[in-house]
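Okay, structure first, notes after.
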Amino acid sequence: MKVLTTTALGLVLAAGMAQAGCGIEGGSVRILANDFDALGLVISEAEACAGDGVTVEKNMTTEHKALQVPALTVDPAQYTVAVVANNSIVPLLNDDLVRPLDDLVEKYGQSLQPSQLIKIDGQTMAIAFMGNGQHLFLREDVLEEAGLEQPTTLEGILEAAQVIRDKGIMEYPLAGANQAGWYLGNEFVNTYLGYGGSFFEPGSAEPAISGEAGLKTLAMMKAMYLAGDIAIINQWGSMVNGHVDPDGPAPQIGEATVLAAAPTVGGGDTPAAALWWDGFTIAKNISDEDAEASFIAMVHGIRPEVAQQNPSAATWLMKDFTAPDTAKGVLGNAKAGAKPYPMSPYMGLMHTALGAELADFMQGKESAEQALADVSAAYRTAAQEAGFLN
Amino acid sequence: MRHRDFAAFILPSAFAMVLFIALPILSVAVQSLFVEHEQVVVTVESCGPFGCETQEKVDTQATAALRAEQPLGRFNGLGTYLNRAHLAVDEIGVILSDNDGFGDVMARIYNLPFYKALAFTLVYTALVTPLAMILGFAVALGVNNIPKIYKGPVIFLSLLPYIVTPLIGSLILFWMINSDGVIGASLQWLFDDPELSLKASPTLTWVTLIVYGIWHMAPFPFVVFYAGLQTLPQDTLESAMIDGANRWERIRYVVMPHLVPLATFVGLVLMMDNFRVFEPIIGFSSEANATSLSWSIYNDLNGQVDQLFGSAAATSILTMLGVIVLLMPVLIRTWREFNRKAH
Amino acid sequence: MDSKLGQSKPLMIATGVVLVLWLIAAAFPFFWTVWGSFKVQADFFSRASFWDAIFGPATTRQTGGAFTLDGYQGAWVEREFYRAAWNTVIVTVCVTSISLIFGTLGGYALSRSARKYTMWILMAALVFRAMPHITLVSGYLLPFFELNIWGYLPTAIIVLVAINQPFTIWMLHSFFQSIPKDLDESAMVDGCTRFQAFRWAIMPVMWPGVITTGLFSFLLAYNDFAVTAMLLNQDNQTSVPKINSFLGTVQTEGTIMYAVAAVVSATVPLFILVMFFQRQIVSGLTAGAVKG
C-alpha cells in the first residue's frame, strides 16, 4: 500500500515538471520492463518526457525475459529500452543487442554517479538505478524472548533456531528456500558465494562446483531447509515494504522485525547473498535519435529527486540518496563486501541446473556428491547446446 | 462432394492451421536438429555498483562471423534427442552396464530429468483420464435424475473447476491443503495425524496433483455425457425394461454402448490434455517431486534468462510423438472404420 | 425420459450421493474464494489457522469491519482491471465467432466428403493438437516482431483461432455427420450450389451443435495464458495475464487479494452465460452426439 501511495505522489510531482520536456528534440521511447512498483515509478517519471514530437510507450510484463531477445533482435527493435538486472542483461550482451552508452553518458548523464555505470570491458552497457539482494529479517521480539543476540553468521542462525525451538517459542523458527527451481538455485548461489566459491573454471565454461565449497554449501542448505513459522529469514530487500508495512498483513510482526545484512558462513567475511542491480539498457537496432531520446527519458526517470521523494520505494543507487531503515539490509550487504550475482554468459544455465537438480538432495534422496555431479552434468548438457562447451 | 467445393469450405480452417501450427511444427522439428554456434568467449573486467570483477563475456563480433556462415547453427543430427536432458542414451548405457540390480537401475533412470518428467506424465495421464471420465459419467447420471429447475445451477456449479483459471485455482487450493489450511487441517483431524502434510512426500504430491487433475477435468466429460444421456434411444430402453432389466443392467447394456462414441471422443481429448499437464505443477510448486514434459519445455524456454530453443524443440517433438503413440490404437480403429464406410 | 432411467432405489441413492459429494468438491473451493475475497490477505492466506479466513480477525483489525472491498477496489479501480476485462471480452467474442465460422465450414466439408484426404486432415488435426502451446508461441515471437504485428489483439485472436481449430473441426465434423445428408443433397437437386445448400438447408438446424462447440472455444480463449501473455503488449493485456501480474515476481510481493477479487468477478459473467445457454449446450450435444 505504502509503495503505491508514494507512486501516486511521484506521479503528481512528475506531472508538475513535465513541461520541462526533458530537453528531448524528438524520437520514440519504447520501454520493456518487468512489472513491479518501483520500476513503475521510474517508468512513469520517464513517461513525463512525452510530448513535442516525443512519444513514450511502455510494456511492463512478467514475461519480459522471454520477450526481450526476439524484440530487440528485429531491426528496428520493438523496444528502445530494456530494463534488466544482472542476470537478464546477459542474453542481450551475448547476442550483441544493446549499445554502448559512453557517448550518451558524457552528453546527458551528468546526474549519474560513476558507480551506476555497468562497465564491461571498459564500455558502459547499462545504467543501474536500484540495488537488491537477500538479507536477514529477524523477529526481535522472538530473539529477546529467547535471550539471543542478533546472529551474524549462518552457523549462528542455526544455533539461534535451535535455542528458539528448545525453549518452545516456535517449532520452526527458520525459513529457507523450500521450493525447487529458481529459488533453490538462488539459495545455492548465495551460500556458495559466502564460502567464496567460484562457479566456473577460470576463463572457461567448465563447471567448478563439485569441490569442497560446493559440498559445504549443500550441507549448510540442508540444515537451513525447514519451513513453518518464521523468526529469521533471508528475504529480498525489495519485499521489505510488504513485511514491515503497518497496514500490511501482519503489523505486529512488522513492528518487531529488524533488518540486518546477510549472514556470513564458514568463518568467511563475505555475506552469503548475491547483490543485484536493476538498470536499463538501450537497444542497438534503433536510430540514434531514438536512442538519444530513450537515454534522456530514462535518465530523467532516475534523476536523484525521484529517489529522494520516494525513499522507501527501493534501495536506490542515485546520488544524494539518504537510505531509510528499509534499505539497510541491502546496503549492509554491499558494505560488508557481498559479491554481485555473476554476469558471466553461462551463469543462467548454471542457475537452472542448480534449481532443477538439487531438490533430490534437499529431500534426502541422494548424496551431496551425487547432487553436485547431477548439476554439473545437467549444466554441461545445456552449455553444449548453447555453444559454450564442446 | 466435389474437390473444389471441399477446398473452398476447408480453406479458412486449413489455412489457419497450416500457417500457425503446421509451419511452426516444421520449424521446431528443424530447430531440434541444430545447436548454437560455438561461442567465442573472452575474459574482461566488468564493473558495477558493487565493484569490479574479471568475468567472461561473449565476443559478439567473432561469434557473429560464425553465425553468418551457418545461420541455423551447427547441425547436430539427433544429438539433442539423445543427450542427458532428453533420451540420455549414454547415461542409460552406463546404468545398464554397471548397476546393483533392478531397483538401482530404476532409481538411477528416474534421476534423469526426461524420465522423471515422463514417469509423472504417464502416471498422471493413465489415472486422470479414466477417473475423470468415470466421475463425469456418474455426475451426469446424477444430474439426469434431479428436477429440471435445479439443473441450470447444478450444471454451472459442476463446470466451476473447469472454468476458474488454473493459475489461481491451483494457488488457492495450494493454500487450502497447507497444514494450516482448511483442507489440510481437516485431513489431519480426519486421519488423526498432526504431522500429515500433503506437500512433504513425493507420493502425496503425486496424489494431490492427480486428485486436482480429476477435479479440474471431470466437468468436460460430464457435460458431454450428460448431453449424450438426453439422446438415449427410448425404444431400446423400453424393451429392456419389458425384458425385466434392472436399472444397473440398463446402464450397462443400453446406456453405456450408446455413449461409446462419445467416450472415445472425450477420451482422446482428455488424454491429449493430460499428457500436456503443466499448470498444476507450477501452481502447486511441485517441481521437486513431480515434473512433466510440458514443464521441461517451460523450464527450457521461460525458467531462466537463457532460452534453450533446441532442447525445448526436441522435448516438444518427443511430446508429440508420445501423444501419437498413445492415440495409435484409436487412430488405427478410426482409420479402419473410415475405410469400411468409404467403400 | 428421466423416469425411465431412475427407478432402482439403491442406484438412485448412489448417484445422488456422488452428485452431492461432487457438488461440494466442485463448488466449495469457489465459495471459499468468494467469501475470502472480502477479507484481507492475512486472513485468507493465514499462516495461523484457516478459521481466520472465516471470521477475519485481521480484516476487522485493519479495516474496521469483517468484510472489505479492498481487493475489488484495488483490482478494478487502482489497477484498472476493467481494461483487461474489456480486452478479454473482445478476444473471447472474436475467437469464439471466428473459430465457429471457420469450424462450421471446415467441419461441414469434412463430414460430407468420403475421400481419403478428409481422414488425413482429421488425423493431422489431432496431431496438431498435441503440440504444447508454449513451444508454438515462442516460435511466433521473432516473425511477429519482424512483421510488426506483435502485441495487437487481432494477432492473438487469429493465433487462438488457429490453435483452437483442431478441436473445433473434430467436434463440428461429428456433429454434421449426425445431420442427414438428404437435407442438403435434396437442396442441391433443386438447383442450389453447395454453399446455398449449406446456407439454407444446414444452417437452420446446426445451432445446438455450434453453441456447444462455442462453449469450449469460449473457455479456451477465456482461460488462455500461454498465448495472450506472450503475444499481447500491456495496453492489450487480457484478464488472465493481468491476474498473473497481481501475483508478484521472484523478488517482489504481489497483491494476491487483487488477483482473488479479479478471479471472482471474472466468474460472474460466466455464470450468466452458462445459465443462459445451458439448455442449448445440452440439446446441442444431443443433436451432435459427437461420434469419435
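Read from first to last, the chains carry the letters A, B and C; within each, the first residue is number 1.
Operating definition for what follows: a contact is a pair of C-beta atoms (placed from the backbone, for glycine too) under 8 Å apart; a residue touches a chain by one contact, two chains touch by 3 or more.
Since the structure is predicted, the reported quantities are computational estimates derived from the model, not experimental observations.
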Compute the centre of every chain as the mean of its C-alpha atoms, then state which one is farthest from the centre of chain C.
A
Of the chain pairs A-C and B-C, which one is connected by the greater count of C-beta contacts?
B-C
Innermost chain, where centres are averages of C-alpha coordinates:
B
Averaging C-alpha coordinates per chain, one finds the centres of chain A and chain B separated by a number of Å equal to 33
Between chain A and chain C, centroid-to-centroid distance (C-alpha), Å
37
For chain B and chain C, let me know how many angstrom lie between their CA-based centres, rounded off.
18
Which residues belonging to chain A are in contact with no fewer than two other chains?
63, 66, 182
Would you mind listing the residues of chain C that make contact with two or more other chains?
45, 47, 138, 244
At least two other chains touched by the same residue of chain B: list those residues.
301-302, 307
Partner chain B, residues of chain A touching it in the complex
63, 65-66, 69, 86-88, 90-91, 93-96, 115-122, 128, 131, 179-182, 184, 200, 202-205, 275, 277, 317, 334, 338-340, 342-346, 348-349, 351-352, 355-357, 359-360, 362-363, 366, 374, 377-378, 380-382, 384-388, 390
If you look only at chain C, which of its residues touch chain B in the complex?
1-2, 4-8, 11-12, 15-16, 18-19, 22-23, 25-27, 29-30, 32-33, 36, 44-50, 53, 101-103, 105-106, 108-110, 112-116, 118-119, 121-132, 134-136, 138-140, 158-159, 161-163, 165-171, 174, 194-195, 198, 212, 215, 219, 222-223, 225, 240, 243-244, 247, 256, 259-260, 263, 266-267, 270-271, 274-275, 278, 281-292
Chain B residues touching chain C - in the complex, by the definition given at the top
1-2, 5-6, 8-10, 12-14, 16-17, 19-22, 24-25, 27-28, 135, 138-139, 141-146, 151-169, 171-173, 175-176, 180-182, 185, 215, 218-219, 223-224, 226-232, 234, 237-238, 241, 246-248, 250-251, 255, 260-265, 267-269, 272, 275-276, 278-279, 293-294, 297-298, 301-302, 307, 309, 312-313, 316, 319-320, 323-324, 327, 330-331, 334-335, 338, 341-342
Residues on chain C engaged by chain A in the complex (per definition of touch)
40-42, 45, 47, 58, 61-62, 78, 138, 141-142, 145-146, 150-151, 229-230, 233-234, 237, 241, 244-245, 248-253
In the complex, chain A touches chain C at residues 4, 34-38, 58-63, 66-67, 70-71, 73-74, 78, 132, 182-183, 186, 229, 236, 238-239, 242, 247-251, 276
